[in-house]
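Chains here go by letter, A, B, C and D, matching the order in which they are written, and residues are numbered from 1 within each.
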Amino acid sequence: MKIGFFGVGHMGGPMAANLVKAGHEVVAFDLMPALLETVVQEGARAASSAVDAVAGVDVVVSMLPSAGAVRGLYLGGQDKVDGGVLSHIDKSALIIDCSTIDADTARDVAAIAQEQGRVMIDAPVSGGVGGAKAGTLTFICGGPEDAIDRARPVLECMGAQVFRAGDNGAGQLAKICNNMLLAIHMIGTAEALQMGADHGLDPAVLSDIMKASSGDNWSLDKYNPWPGVMENVPSSKDYEGGFAVKLMNKDLGLALQAGLSTQSATPMGNLAKSLYAAHGNHGYAEKDFSSIQRFFRHKESK
Amino acid sequence: MKIGFFGVGHMGGPMAANLVKAGHEVVAFDLMPALLETVVQEGARAASSAVDAVAGVDVVVSMLPSAGAVRGLYLGGQDKVDGGVLSHIDKSALIIDCSTIDADTARDVAAIAQEQGRVMIDAPVSGGVGGAKAGTLTFICGGPEDAIDRARPVLECMGAQVFRAGDNGAGQLAKICNNMLLAIHMIGTAEALQMGADHGLDPAVLSDIMKASSGDNWSLDKYNPWPGVMENVPSSKDYEGGFAVKLMNKDLGLALQAGLSTQSATPMGNLAKSLYAAHGNHGYAEKDFSSIQRFFRHKESK
Amino acid sequence: MKIGFFGVGHMGGPMAANLVKAGHEVVAFDLMPALLETVVQEGARAASSAVDAVAGVDVVVSMLPSAGAVRGLYLGGQDKVDGGVLSHIDKSALIIDCSTIDADTARDVAAIAQEQGRVMIDAPVSGGVGGAKAGTLTFICGGPEDAIDRARPVLECMGAQVFRAGDNGAGQLAKICNNMLLAIHMIGTAEALQMGADHGLDPAVLSDIMKASSGDNWSLDKYNPWPGVMENVPSSKDYEGGFAVKLMNKDLGLALQAGLSTQSATPMGNLAKSLYAAHGNHGYAEKDFSSIQRFFRHKESK
Amino acid sequence: MKIGFFGVGHMGGPMAANLVKAGHEVVAFDLMPALLETVVQEGARAASSAVDAVAGVDVVVSMLPSAGAVRGLYLGGQDKVDGGVLSHIDKSALIIDCSTIDADTARDVAAIAQEQGRVMIDAPVSGGVGGAKAGTLTFICGGPEDAIDRARPVLECMGAQVFRAGDNGAGQLAKICNNMLLAIHMIGTAEALQMGADHGLDPAVLSDIMKASSGDNWSLDKYNPWPGVMENVPSSKDYEGGFAVKLMNKDLGLALQAGLSTQSATPMGNLAKSLYAAHGNHGYAEKDFSSIQRFFRHKESK
């Protein structure tokens, strides 16, 4: 299949490369030319323009950093419904937006596509840069069942699991719920490990105990925030790489806004947002989100 | 081996029964005669007194509801170091306290035992009533390595895993860290499921998605708080059975006190304590702790 | 002066009446005719339409429940900049919006007014229905200094104090900061009183002590949430009247969104939002916000 | 009157000096001789021993840093009820403990005094070092009414107001409730000011607005945490002097423990404890508690 791919950064780059590896013809576009070079080396073709990237494609995949970028790409900018690439996409093509954005924007853009006779789904991912490279991402989709079924073989070139959360926007909502819960147990894990260490326990031993007990969770088990407990996770690399605090703050912001619209009470999620906001402001915005462990350290007097 | 067993309630009863099943001679004692009857039916002998229960035993196991009860049993009451059963236990016997209590009391009683030439370890459990019945508990031990090695074959009659967290008291500390983390991800899971449901997602589908993603945790996976998502968990039985809110409040109280003694910051743990305290006060003290899901429901106007 | 007044509900009604009492000619408009009748009895004239209400006026005052309502009144609806009353207002008139809305909308509408050669300020209030009736409101204004100086004599007919927080939108921001802080000390006061009562202290005595000490705050002093401690406050009237939980939730939502846009960490504000969201969902949405006291009560078992 | 005074540090020193100024004969004792020198210069006599300090006195006043110190002074140490000065105090003397400690210890020591025929009250203070020097402290007393009436003329030499919260221990409880509420509105004030500043508002102007509105509270009004808004408060002196973060952490620890004993839910208090624990661990333990403002600052990247 011929696939137009928008956004080839930390996540989108390896995803596009995996599509190439699976035998697809990938035409990539990105506002940053340096990023395009990398995927060209992987075998993609660099589009000369956004419109060029969608010419004659069977599938469009986008992986963009914000709702504004998604709206801008497809519709041509805030409050506009022209000037974007949407109207240039063949009506038989399937449009898959993998960006993590608010559910309202996802629904709005998909609805405009549908009015035009085009089919679009939201398919944000879980699994991070590691999952993108390894092709083991989880896709959390929202949209009509048949559209998601059509997307499945494409998504399975980039990931291990494809879920349908519900109608358009539901993929975003489920992703946001997941990341809110991730933030909560990451912080909880960090404070439990610090409290254990403060009392003389070995964080590696305490981790083993809690993994075998009811405290078990993904942050403890797959992404331990205490340096040295696990290899090849950001905590053992000075919290470099991984999923930046500023990105977690973006997702927690989406979670808070989702909660506001339904008056859902999310006390743990709200506290997680506060702590990550403070942690980002304390100089950790670019570090991996497991660096929240450092928030709990005992430091020297000012 | 001959084993004296103190405290045969919801947890201790099945644990004592499993020791009988493994071929040990169990002499049980409890302040509530009705509880003794049950274990006698399982093959244990009812002791006529606490002192009778330790006569000639190789191992003493206790499973009591509070630090005061542990101190009272072994030492004879607050501020006293006599009148308890400790001095009646054979010096060659091994003393295993499985109660969940504060680490300071665990250390104090073990230190007094040691001064008398007796060996005592703390071995609180994770796994709940279900684990106690199935013999799949996790024992989280604190004490000398050789003592824990001696305890291992006895503990393995009642559980699947035996960990050494460190010296005396460390078992309690690790257990408390674990349960604090459990409370955190249980509440986080409940609020994520409610937020999803408020937006029209199916909690069962959302659970599947998060289990396959970075939000995964024990509460979601093994003890889902949304009614009907899993069978045979308290949420599907009107939150009856399981681990009562009042017991979670006790453990969270221990966690807060542990944090106070080291000035550890535990924001998520402190919030969890607040929410479980409120939830207990709202009439849920006797319900399973996964009933925190109801805290997030939208109810009718007052 | 001739004044067009939009929105004559719980707050706007008494405010319009105070303008009449001060000798101004008030032409009122509201989508709910029943509300208009009340102010007509106070001496205002009912406009036949929104456009009629601004015909020939020197000043326009609006007191509306949401950003959408403000945008709709002045601009004619979401994404539109016509069809609203703005273009019908005389360019020499001063436009004062007293609604509590987000700062972005306040800035947007004022900017559009300015492009048209019109002058608009935001002037949300503090003081509640009581302050509106007594004419003792505090106006927290954003806009050009000279515009606020022009507004001052009008505002002083309805309130006791007029502050300029900064440029357009700053009035909204300051109001939101204030109400976030109000929610925080209201909840803090309620939990302190409950903890004292749980330990046998008399909440009235404890209130007197804290009022004379460093715990003093407006909620304790002017709006005590414990029934019977003060007369003529909602807590002594079964939490009827006053400032509804749902309105506090609206303002806390604005506060959270304001924090998101600047990555400000507001842990206390976020927790306050969570607790008020839960409290509203527990059936208290229509009750006065001091009813949060009931959240802390010890209730009977479920 | 002849007064024995124990503990002449930051608080006790100026308090003892005010007793001297009021014409009383003060015999002071402190474990740190350097502190004694200062009060001797103010006109007190240095006792040669703790027992010497109570010889023939009409009143005993103690101002000590912890429950352990109070127990040690009066009873002679943990688990002991002799060796302390209590039994050396004349039975006609009145014993006033101004330390801030847990209510249980206050009740215990007073009960032992009563068994011996002695009269003791708890009288912790609010007002800080400034209030101690100026003689404007608030005394929050627990004990029999007639004992507090006897204490009143002595306390009024050191403070402006004397409250009776209830029986023995109630003074401590009320003090702890007050300081918990203080911590809550201090943090709330700091985050509101930071959020305003992040949006371009002047913290001094925002402070004026909130002081005139429903956000008003002691932290904002008397102890503004933003540097430069008020003169002569710690925020304008690099957060030196005042009430140290570590002392606020001690008081919040007492509040948490008080809440645990009655299962009172104190979400705001628990969060305040977490934030002050983190802030202390971030190097601010010795700084004034209004330095929590710095927790909210935006700092450079790590």
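Convention: contacts are C-beta pairs under 8 Å (C-beta built on N, C-alpha and C of every residue); 3 or more make two chains touch, one makes a residue touch a chain.
Everything quoted here is computed from the prediction, not taken from an experiment.
Path length between chain B and chain D in the chain contact graph, taken as the least number of steps between touching chains: 1. For chain pairs A-D and A-B, the one joined by more C-beta pairs in contact is A-B.
Set against the Cα centre of chain B, the chain with the most distant centre is C.
Per-chain Cα centroids separate chain A from chain B by 38 Å. Rounded to whole angstrom, the centroid-to-centroid distance between chain A and chain C, based on C-alpha atoms, equals 39 Å.
If you average the CA atoms of chain A and of chain D, the two centres end up 50 Å from each other. In chain D, the residues touching two or more other chains are 259, 263-267, 271, 275, 278, 281, 295-296, 298.
Of all residues in chain A, those touching chain C in their complex are 79, 249, 253, 256-257, 259-260, 263-267, 270-271, 273-275, 277-278, 280-281.
Chain C meets chain B in the complex at residues 267, 271, 278, 281-287, 295-302. Interface residues of chain C facing chain D in the complex, by the touch rule stated above, are 103, 126-128, 138, 140, 161, 163-167, 170, 173-174, 177-182, 184-185, 187-189, 191-196, 198-202, 205-206, 208-210, 212-220, 222-223, 255, 258-259, 262-269, 271-272, 275, 295-296, 298.
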